[in-house]
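To keep things simple, chains are lettered A, B, C and D as they appear, and every chain counts its residues starting from 1.
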Amino acid sequence: MKTLTKETRVHRLPMSGPNDTAALAEKITEGFIVPAGIVAILGKTEGNGCVNDFTRGYAVQSLKTSLSQYLSQQALSNICFIMSGGTEGALTPHWIVIETVNIEATPSAEKALAVGHSITRDFLPNEIGTNVQLDIVAEGVRAAMAEADINDTNDVHFVQIKCPLITSERVRKAGGASEVATTDTLKSMGLSRGASALGVASALGEISDHFLSNAKIGTDTDLFSSRASCSAGVELMGCEIVVLGMSEMWSGPLAIEHTVMMDAIDMSSVLRLTDRALGHSQGQLREDQSQRVKAVLTKAEAAKSGFVRGQRHTMLNDSDVSSTRHARGFVGGLLGGIFGDTALFVSGGAEHQGPDGGGPCALIYEKE
Amino acid sequence: MKTLTKETRVHRLPMSGPNDTAALAEKITEGFIVPAGIVAILGKTEGNGCVNDFTRGYAVQSLKTSLSQYLSQQALSNICFIMSGGTEGALTPHWIVIETVNIEATPSAEKALAVGHSITRDFLPNEIGTNVQLDIVAEGVRAAMAEADINDTNDVHFVQIKCPLITSERVRKAGGASEVATTDTLKSMGLSRGASALGVASALGEISDHFLSNAKIGTDTDLFSSRASCSAGVELMGCEIVVLGMSEMWSGPLAIEHTVMMDAIDMSSVLRLTDRALGHSQGQLREDQSQRVKAVLTKAEAAKSGFVRGQRHTMLNDSDVSSTRHARGFVGGLLGGIFGDTALFVSGGAEHQGPDGGGPCALIYEKE
Amino acid sequence: MKTLTKETRVHRLPMSGPNDTAALAEKITEGFIVPAGIVAILGKTEGNGCVNDFTRGYAVQSLKTSLSQYLSQQALSNICFIMSGGTEGALTPHWIVIETVNIEATPSAEKALAVGHSITRDFLPNEIGTNVQLDIVAEGVRAAMAEADINDTNDVHFVQIKCPLITSERVRKAGGASEVATTDTLKSMGLSRGASALGVASALGEISDHFLSNAKIGTDTDLFSSRASCSAGVELMGCEIVVLGMSEMWSGPLAIEHTVMMDAIDMSSVLRLTDRALGHSQGQLREDQSQRVKAVLTKAEAAKSGFVRGQRHTMLNDSDVSSTRHARGFVGGLLGGIFGDTALFVSGGAEHQGPDGGGPCALIYEKE
Amino acid sequence: MKTLTKETRVHRLPMSGPNDTAALAEKITEGFIVPAGIVAILGKTEGNGCVNDFTRGYAVQSLKTSLSQYLSQQALSNICFIMSGGTEGALTPHWIVIETVNIEATPSAEKALAVGHSITRDFLPNEIGTNVQLDIVAEGVRAAMAEADINDTNDVHFVQIKCPLITSERVRKAGGASEVATTDTLKSMGLSRGASALGVASALGEISDHFLSNAKIGTDTDLFSSRASCSAGVELMGCEIVVLGMSEMWSGPLAIEHTVMMDAIDMSSVLRLTDRALGHSQGQLREDQSQRVKAVLTKAEAAKSGFVRGQRHTMLNDSDVSSTRHARGFVGGLLGGIFGDTALFVSGGAEHQGPDGGGPCALIYEKE
């Protein structure tokens, strides 16, 4: 006997530029994607991923324009558009469309990929990068878990967040330097990502709230979430939160697993992840395994220590190229080697997202 | 019964900056390196690896100053100083000192790591990137092979070359734009590397001279050497050539193997290389294997096609960061994952060095 | 007795980012700008002005979205949207809205600012940077002159053109490297600007067509227009052309003058221009003079010779920052000093626009 | 009747790269410069002027190597080598050699250019950017004034300082992030320059010590010296201080004047300076005036407010190019227009050196 359940579908689509939504339009026209079911669209766009990366806003504007022929403004405002700039090295710009469909399925004890989302209120400039942001994000994560029918925090495998940053103009609006966490726009991106990540850690019980305070944000690298992935962008003032996990209330062929890369060359953790998910623990995925991969979501960053396994890196001393760009390209190469694929969602700036110099890595895949 | 033979020793040493030769000085003081035996010093320095990368010249000046207390100017001028700029991602700046020592050894049929070198005459600006450079390099490779006692071209596993580039001032000296292969300094680096690589291919019999002409340099990506690695730099006007291979005339514990990465994510070829050399074909090297690695030498570049396995990359459209920087960091990440190490000599700009978007990769290691 | 004539109005408006069209919307709401009268909108946006500058496309998309509530798609497609990326140094991102209004005016012999525009057909990738583009642009300039009621080419003071560039993908579509003028995207921007500028020179009779050929484009710097200003961008495949000049058929308080900067430090030419227009020949404009300035439009570039008045510059050897970015910031500083203002439309890449290292400079101002 | 007095000579010399000391060697060979009289060598080198700018260290190493054939190590260590990276826009890399010679001259009441210098002790990493540095610099300035026979602080027109910065490695040596003023290397350059500048302000009585405290360094932009110019570099741990002013104890044809640019487009202040020094107050210097200019020394920076005269600039939001690079190029253009010359010593990062967004500007010139 079949009952009505929900299924999460994940579509990885190409883009020829931040404004290229043709692949999405085609999938909709062909009936493979139903606009009303779209929960979130992640985009790996080809900007610098830093303060003046307008590819993110451009991509969101393009998506909204494209979808506005199917959806009301109200419906559009309920979709999470999470753009992460930076396709360094051979990484490929791409969209990841996450869709929920209602289907009739035979009930089974097996868990399936579930998704939930929430959008917080806009922050004031002086709240960005502080405990206020942290607490509101934690609340948002719990709301998204509820939407995804996930009760056990262990069933949450990835929380993708888009969060705001501080610009010169926002400092001015806030009333000057003394009112905000930092006046350095690039640094504000780190604090905003960090506060968001600790919000996830709090909601998932990874860290007791007892240990969380303003003073820890951006400084105490021992505190981290192993499932948070946060991107900052100039184009919004609140946080958009997408929770991905496993739930027995959902059905369908997809699943999600995650690991934590302990440093920038931690291939072993990634191979353990592919082993759990795909039964693959060595070398590059075979083509049949590769086809089961629906999305790879990873965080990367330059170790603040200045060293990887005792050897010096130069990312933090490079005044020509941001360390976040270096880190994305490098970790992208490692993952590209394993997955045999370059359409990987590698996001930079992993403050409180995994240990110093490392980061969470999640894999959405088709069950066998 | 022992006879006098030659042995190649390879020392991988840290540097805290392009002028830090302290580790070399220490090794000399402690007797581990004899200055008179130094054939070549390779340096992976932390500049941008492009036209205005002065870390290469600074490193060479620092090495010469440091060694001048042990060696005459004449002896110094006979050492190949091959600096390659660019330690993108988590790559670690380091020196690779290649030394020849005369030792008494029991004759054996087993081949061992052999090294030979040569330094060509200075080129005129209008010869850079042309057949003239190609032919003179081919001659230089043959001279270096003779020095290394290598007769069979199959025993050559890596040819490292440092070559010149064209600057605005050199264009002027040459008598204007119409006299030189290109007036674009960055592009001239590619033509110079390409002409050098085809010189290697010619000397090693990889390509019949019949197919080589000015018109092919920099354009016909189907023509390539699988063992050439060329770096261009502003600090010299000729080529410095180091041939690394195996010879039964040499003894010692070291050996060299090579492979060709067919594209930027070709992990499989690298694992076949580690398998041949270290008996390791999956995941990251174990520590005992890692300790047998003496040097990793690789070329990386952005595929001119704009695609890797059918997926778009953005390296060639990025006007903020040179594609050579992107490629080094990305391939560095893949290799870092396998070797569990970041002191890798990944050099950018692989014109005619491996196929479009790929590049040769060599491994110097201790035999079991 | 009054008759119906045309008047050109020019509005310089601030933007807080490429998507900020609020100032335009406000002017329309307040009745200061009538959407139907808009002929062209120029935008100085804050991207890198090179290949991957998406601020230009983002700005155009934002303008079109904003204006679509007032204008049909047909009407919109007839407006020239000419975005030029790059606000290096203290330059200020801004819009310049050029509007034509029909007014009743007393006929007078005095000429006034006149504007005309035209949009060419899309080019094939293999036409970009060639004589085909040159000829079609020349035709477009003549069409725009006719619209502006300008018969005497001496009355044309500035021709602003937006032209296309070649990307990896367009090379592929064209059938490979041998089919296009260059496969180097950055270089293609220069060839496209150069072909457009020579098209202007042809139309204005500055150079006899006899001297124009494919071989001259991008190479013979002695051939130039003193009134062309061309920007290349990824967001279009044809050319958008705006002619600004003086016509006795037009009325109103505005006028335009131009000069040519002979090199990057040619302040004297600019002061001669302000003298002719504003009676100001020394130091910085007084506030009353400054208020009469409606727009400053200039081209800047790095001298290919590598020298300015015999002294070396490093712009062409800098692999971290494009020479076009260097040139815009530097010339912007010189102009900022004179005009006491930073909202200057300084556009980079002046191939065949003024002499090597120099560029045209036009001033739209209120007559006394 | 003549007596023995001192004269300051200033030689502006070209360089084709950071290691090109040929012009200096030639001047020495020809007898125009006596090595023993060299007090300081300033160099405007072509690096990025930020953390990983190795052109500074390379230039110093090259100068020392070149001068070591004339001077003992002891004598060399007493020369101030002050390299400032960054020749953005059309700025020209050059050396400024400052030499003291003893000459017989007829005593006169007229003051002449005087120079004095001092070198402080090395700082600990945790002293950089703090009051400790400030106080030691103030002491150093007083020592240099004494050497220059300047009693009246009004006679000091420029104090050029080279100061250290904090790197990842130095943070580690200091015992971690909590021990140093900042762990951000780029930011540490600003704090070090700021502490040095306030040290100058203290020594010159520009600001009462009462108002100076750690908390003000890098934050209170109302506190500034109108004569300090500070460059940070990785190549030293102490400060090198050169005081330039006017003294009746010195003789010779040279003099120095200074002004303060109040913002990035303050041409009027510069023209007042050229008026006082050369009787020139409008437009570009004539050639006879230009020949009397011996050196132009200026500081430039991006206004922290994000605005210049109410108009937005984008320098602080640009994650691809450091704001110091933007500011140098822009102000270089303004000065290039006035001086008709590009060999200008424009140095970036003007924390507490002039008002926010402005900076001191000094002119060494031949008296009429």
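Simple rule for what comes next: a contact is a pair of C-beta atoms (placed from the backbone, for glycine too) under 8 Å apart; a residue touches a chain by one contact, two chains touch by 3 or more.
Keep in mind it's a predicted model, so treat the numbers as computed, not measured.
A.B. asks: Could you compare the number of C-beta pairs in contact for A-C with that for A-D and name the larger?
C.D. replies: A-D
A.B. asks: Taking the mean of the CA coordinates per chain, how far is chain A from chain C in Å?
C.D. replies: Taking the mean C-alpha position of each chain, the two centres sit 41 Å apart.
A.B. asks: Need the CA-centroid distance for the pair chain A / chain D, whole Å please.
C.D. replies: Whole-Å distance between the two chain centres: 46.
A.B. asks: Going by the contact rule already set, what residues in chain C reach two or more other chains?
C.D. replies: 16, 46, 48, 52, 169, 312, 314, 317-318, 320
A.B. asks: Chain contact graph: line, ring, star, complete or other?
C.D. replies: complete
A.B. asks: Mind pulling up the chain C residues that touch chain D in the complex?
C.D. replies: Counting only chain C, the residues touching chain D are 14, 16, 46, 48, 87-93, 264-268, 270-271, 281-284, 302-303, 308-309, 311-315, 317-318, 320-321, 325-327, 329-338, 340-343.
A.B. asks: Would you mind writing out the residues of chain C in touch with chain B in their complex?
C.D. replies: The touching residues are 48, 50-53, 167-169, 171-172, 177, 183-187, 219, 304-306, 312, 314, 316-320, 322.
A.B. asks: State the interface residues of chain D toward chain B in the complex, per the touch definition above.
C.D. replies: For chain D paired with chain B, touching residues are 16-19, 46-47, 52, 54-55, 57-58, 61-62, 65, 169, 234, 320.
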